[in-house]
Amino acid sequence: MPKELRYVVVLTLIAGGSAGLLALVHDATREPIAASRKARTLQALQAVLPEFDNVPTDERVVVGAADPSAPTDSEANRLPVVFMARKGGQVTGGAVQVIHPRGYGGPVKVLVGLEGDPAGTVRVRGYRFLEHKETPGLGTKALEPPFARQFEGFEVPREPLKVKKDGGTVDAITGATITSRVVAESISEAARLFREHGGRGTPGAGTPGTAPAGQADPGQQDPVPGGGHE
Amino acid sequence: MSERTALQELGKGVWAENPLLVMVLGMCPSLAVTTTLANGLGMGAAVIFVLTCSNVVISMLRRVIPSAVRIPAFIVVIASFVTMVDLVMEGFLPDLHRSLGVFIPLIVVNCIILARAEAFASKNSVWKSALDGIGMGVGFTLAITVLGGIRELLGNGTLLGMPVLGRGFQAHAALVMILPPGGFLTLGLLMAAMQARKGR
Amino acid sequence: MDAVAYLQLVFWAMFVNNFVLAQFLGICPFLGVSRKVDSALGMAAAVIFVMVLASVITFLLYGAVLVPLSLQYLQTILFILVIAALVQFVEMAIRKFSPSLFQALGIYLPLITTNCAVLGASLLAIKKEFDFMEALVFSLGSALGFGMVLVLFAAIRERLALLRDTPRAFRGMPIALLTAGILSLAFLGFSGIVKV
Amino acid sequence: MARRTFRGGVHPEEHKDRTAGRSVETMPLPGRVVLPLRQHLGAPAKAVVKVGQRVAEGEVVAEAGGYVSAPIHAPIAGEVTAIARHRHPGGFTTDAVVIEAREAPPADAPEGASWPPEPVRMPPLDPDRASPEDLRNRVRDAGIVGLGGATFPTHVKLAPPPEKPVDTLVINGAECEPYLTCDHRVMLEETDLVVDGIRILRRILGVDRVLVGIEDNKPDAIDRLSAAFAGDPAVSVQACRVKYPQGAEKQLIRALTGRVVPAPPGLPMDVGVVVQNVATAAAVSRAVRQGIPLIERVVTVSGPSIAEPKNLRVRIGTPLADLVASCGGLTSPPGRVVMGGPMMGVAQVDLEVPVVKGSSGFLFLPAPSEEELWPGPCLRCGRCVDICPLGLAPAIIAWHLEAGDLDGAERLHVRDCMECGSCAWVCPADRYLVQWFRIAKARLHERNNQHR
Amino acid sequence: MSETTSTGEDRRLFVGPSPHLRDRDSIPSVMRWVVLALLPAVAVSLWFFGLEAARVHVIAVAGCLAVEWACLRWLRTPGSIRDGSALVTGLLLAMNLPPTTPWWMILVGSVVAIFLAKHVFGGLGSNLFNPALTARVFLLVAWPAQMTTWLRPGVRGLVDAATLDTMTGATPLGLLKEGRLSEIAASSMDLFVGQVGGSLGEVSAAALLLGGLVLLARRVITWEIPATFLGTVVAVTGAVWVFGGPQHGTPWFHLVSGGLMLGAFFMATDMVTSPMTFRGRLIFGVGCGLLTAVIRLWGGYPEGVSFAILLMNAVTPLIDRMVPTPFGRGVPKAKEAA
Amino acid sequence: MDVQGILVAGGTLGAVGAVAASVLAAASRAFRVDEDPRIGQVTEALPGANCGGCGYPGCSGYAAAVVAGKAAPDLCAPGGAGAVRRIGAILGIAIEEKVRMVAVVRCGGGHQACPTRFHYAGVRNCKAVTLLTEGGSKGCPDACEGLGDCVEACLFDAIHMGPDGLPIVDRERCTACGQCVKACPKGVMVLEPCTARVTVACHTRLAAREVRKVCSAGCISCRQCVKVCPYEALAMKGNLPVFDHSRCVSCGLCIDACKPGTMAARVTPDPAVREQALARQAERKAEEAARKAAASPAPAGDAS
């Protein structure tokens, strides 16, 4: 069946050839991609961390991963991560990546930068949304001054933070209470994880992130790690 | 169909056969990524590249490929270029890559590209196919840039991130414009305007 | 995941995050094959079939071939190759076994190949790290959602076609897009019902 | 007695009080009559007289043109002065025989011939002795057609094919159209004839069950007929709800028997029923007992522009202008002149039309309002869908038609529409729904003929 | 007609198709009744929100009439400014807005309602979506903050930006959404009468009910949609209340709060955008009720009535395909003549 | 990475491609459907107006019929000569071209010339009026109703309603599809060769006497046009003049001769043609006179 054979040959060659070509391109772009990813992580970390001289990406704890210091890609994506910042070997602070499952548009991945000592006072240095689907211009106001300013240097208490509507202290953005809640609760959770895992290099035994202890109201506000997909 | 000059071949995609506004192809990226002007430009550039390259390659291969496996073959060629764009963009333009999101791989299925491969490149010379690709790509880019511009301006109060109409306007920007309904509505009104002009 | 969670996933894919109205996937066939309810029904059936099948096959290929070989970067090209072949196969089969359906779907069957919704479902299932069942349910929900709005929209357009007073400038595509816009505005009402 | 009715329908203002109480006046003989050859459904009659010929009252001037057809008799004695095309009040033009009364006998008449000549009558029949066959032939020869408006030749209805046995005779005394009161008066003033006619019809059909349906706005007629049939177990007089179109035969059958006549081409016969109008029954009695052919009928002349609204006994063929004169003329120029009821009647171009067998009334109505002249857009309120007695979706059919989609309208069964007018009546936008359906039916008819 | 002379010489008759009688209802009369039926609720809104409410009513009505006039003039779609449909839309748009809505938003709403949702489709009778609701949802999505700023009832004067914050409160449904049902100060009688925050037409269930009954009595609307709509909301919220717990609100609470009465009697019943058949209207009402309840109970928005009606508007063409079976077609067929 | 990586990638995708192609190859065998490819080609050659003028359901229906030899290749009026040529090329047959036809309005009885008998209250549609009362609303039973069924019917936007309620055909746009002819309930629209620039704008069946009563533009059977035509292109048939299109040169002399203005120019006559015609007319007059003069002595006629 020469005609049919020709189909097979042509398609095989085109597919094989294309893939080969792509392999070349992939090879050539692998380095830049890796570099840019890493740079972006570091950039994000730099923006929220106090001064450091270590490589925070190398000192991280993936809370709840099978092997917290060598997690799989997907674990690193889904689970909370604590990055430590040191200067001269001394802990100056840390950045915690948490995933809040109940943003307006779905889960929000928040990177919270903290300053201080896991054992003592912990202050907020800044925060970023790494992945989110909050409404531009509404939910994203949570990253802008009037709202964000109240957290500058804010000393995070041990009890969970709440927005005023929920009976707490945090001023919410008008029309975007949900996102405001995300920020407040993520900061709280980040500080909790930082206190728990900071400085140890290994996760606290028996505290897999799926059932975090010390939650005041688990049904209402637990930024459960891995609680959502994104 | 009479022979077209090179310039006409290039120009038809911009207005008379504008792939988006006239032929209504490639709607998904046009609507999805046009929340900002910059996205429109970026997507446009990617499409110009893929469209031109795939038109050229398919035109070169047009005598080799039997028509029964034509579609899979074309699409593999297209997909290769798209993956290239994806990889290169991720490596060198990471920010743009992030905001265009899943729509970069989806350029593969952007109907414009396969439509041009089918309707034009598989029947015409390499040179003409290249011109067609560029023209169509530019036409598409123009259309989605306008779309992106309008939506960014009304929906966010900015153009390329700058509050061109002042902060007061920006504060009252209509969110809906950068949400899905805004895409449909803007494109619909844009097309109505085109139709009204043609009707004259 | 339990049954309720699967149902929620279906609801989410159909209503909250509808492919056409919220995700902008598959707009071309949505606008192209929605002039008659009958052909919309045919197209919806075809898309549901192809989409679920394609998602399953690509999901398996991804897990069984690309990941072990570290060839994830080939996912787009591989997926689309599979989809294109699948669609063409289905097209030939329909043409053989149901010429009337073929007549009705006519040129739109090949459009499924270039229907971003099908590739989108495959890619999103990977991106969202679904397991096999989730991927299956997700693609089914997405396809159902696509079919649903396609049929709804077709009924709307049959009615639009009977309108004689639509101003000239808006006839045809503009009015269809504006209708889709209002429809997607209405679909925003579902936002927040289920979060996935 | 439970008030019987059907699904759908409307309640237009009745306007019957101006004539309901007035007994029928017999009009003087007209000097000239115009007899269109199409006064019934089916094949037109064929003229058997020549111009110049003298005819006696009751003489056949045109014979039936086929089985579904009816002969036409001279309503007055006189000379045939023309056989030419003439406008018919049904809105068309057709051949007509014109007879003019003459003062003196013709010059070539035999000596001593009196003028006018004796009216021609058929020999009386005894309905109890004569065979059903003979009775039926008498109905045919008397030129009797349905006087309820449809003018279907009555003898045809009285001969159901053997495969469709008829077990019920329904007598239609509903008179649901506003303004009209002629059937009402006939029931009151010619009760004996109506009762006798019903018995004759029953004998011809050989049925054991007769149902007389009368809307309950005519309690006197219900009482009168109930009394007349008291003791006759086969006949039952039933009060029906006042609702238009209670008199439409399918609706009346549904109301009285609960049976549903299948959609066209379904006929009452398909459910074992024959429907006849009360005036038809009276005409049958006259033809059988007295041998008088159908040469006159009762006509309601009414409407706001007429000086003295009346029920008139009129010879067929009398010009409309004569009727107006008999009713004291017009008080104001009418906007519309309608033959029949206001819901289904036909608008007239002018008054130069004759009374025909199917003329139940002539109404002189005001001009249509601005809103009616320039209908608004359909609001999709669905009122028309709710009330269509046939369960059609008038608005949707009309959209298809306005968009030029005849097939769509056909799929929605536009052909079933009986043009009762309820939908257009109820429409707040005053759309010309019925007219669209007429156009559609005509176009579908043309298309079918083309295909043959 | 040009031949009609004023000298009275023209004795030509009018010739038209039957029927020659018409029901007295006309488009303007139907619209007049809707306006009339809305008046009690308008009065209540003026009572509770004073000048702010008057301002919103005036701008919305004037805006809608102006846009209507412009559209009739430029797009030449059928209808007339005097048919009253734009007036109804304007009033209903106002009823759907918070009392503090800025003037420019009301104007944008008028353009969306009359131009985008109505005349683009071909004017009166052709629109697929309820114009006033399309505008409301558009504004809600475009400017969520302004559209969810609620004045406390009883503030009678005009409000300026500086003092606004001190005069706002939450709507009962908003509180429900945030799980603060217990904080609702209003008694159920207040809810019914309208002593609560909300859009102009969300406040007084009683006044709206009165208007709705007028429309029903006058047969401007039929009972199917309001009955099934309200019934379904009560049934679903009732079931959830019984099985899911009191934090979801009682069915009575759902019945008298938010825009349910307005929606069920005045907006879902818009004949242009709702089904034309009896069965269709039942389906429509149940659908509206179901969607309203689902969005209120689980959705991101506190109020679901507008979305529910718009969504069911979209389903209406599909519902209308189910035309009734004509008389005599359900029974075994008569022999078809070929 | 390198060659191995390239080989793995190429091999993998190649294999998938091979499988896909094999499946398709097998399927194309198993599911073969034979359809004449020319049907598609012919469909493409048609204008795609789907006007139904050819008598088949849509262009593709006609294409199938043409390929099957069941229909003549020149039935598509909108496609014109071009389509015929293309179809001929596809099917490999030679076809001779027809004269182009064009729709013509054969009535001059607008609102002014031919007033209505009554006020019409109903659907603004010619068919509707004629169903309501036979003969329609105009004084003349054959007059144009002016409600534009023809305008609606034309898919090519070639007819517009003139100010006097008479349709005007755009001869450039008209494709002679005949839809207007079918649609007109009064028989006003007819197709005539496009070379005929002058037409009889009246088709009444009324006798001249009655025409005068109801219409000022109708033909009164005065025969002036027949007399004036120098080419003998006109003859009376019944009450009306009829053209012999093969003779008419469209000089327009008959237009001048027609008092009610029934003779109408669809395209302004060419002045040169007119000059010629006048000359011819003079010539004929002279001949006539000469013949008359020669009638009595009757010498050998000089033939010319």
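Every chain is named by a letter (A, B, C, D, E and F) in the order it is written, and numbering of its residues begins at 1.
Just so it is clear, a contact is a pair of C-beta atoms (placed from the backbone, for glycine too) under 8 Å apart; a residue touches a chain by one contact, two chains touch by 3 or more.
Not measured: the values here are computed from a predicted model.
The chains that touch chain A as well as chain C are B, E, F. Of all chains, the one whose Cα centroid sits at the greatest distance from that of chain B is D.
Compared with chain A, the chain whose C-alpha mean position is the greatest distance off is D.
The chain pair with the larger count of C-beta pairs in contact, out of B-C and D-F, is B-C. Each chain gets a centre from the mean of its Cα atoms; for chain C and chain D, those two points are 60 Å apart. Separating the CA-averaged centres of chain E and chain F is a span of 52 Å. Mean C-alpha positions place chain B and chain E at a centre distance of 40 Å. Note: centroid distance chain C to chain E, computed from Cα atoms, is 33 Å. Multi-chain contact residues, meaning those touching two or more other chains, occur in chain B at positions 68-69, 72, 76, 79-80, 83, 87, 175-176, 179, 181, 185, 192.
Among all residues of chain A, those that touch two or more other chains are 7, 10-11, 14-15, 18-19, 22, 26, 104, 135, 138. Residues of chain C found to touch two or more other chains are 73-74, 77, 81, 84-85, 88, 163-165, 170, 175, 178, 182, 185, 188, 191-192.
Every pair of chains that touch is listed here: A-B, A-C, A-E, A-F, B-C, B-E, B-F, C-D, C-E, C-F, D-E, D-F, E-F. Partner chain A is touched in their complex by these residues of chain C: 73-74, 77, 81, 128-130, 191-192, 195-196. Interface residues of chain A facing chain E in the complex, by the touch rule stated above, are 104, 135, 138, 165-166, 174-177, 220. Within the complex, the chain B residues that touch chain E are 172, 174-177, 179, 181, 185, 192. Looking at the complex, you find that chain F touches chain B at residues 13, 17, 20-21, 24-25, 28.
Against chain F, the residues of chain D that register as touching in their complex are 91-93, 347, 349-350, 367-368, 372-373, 404, 432, 435-436, 438-439, 442-443.
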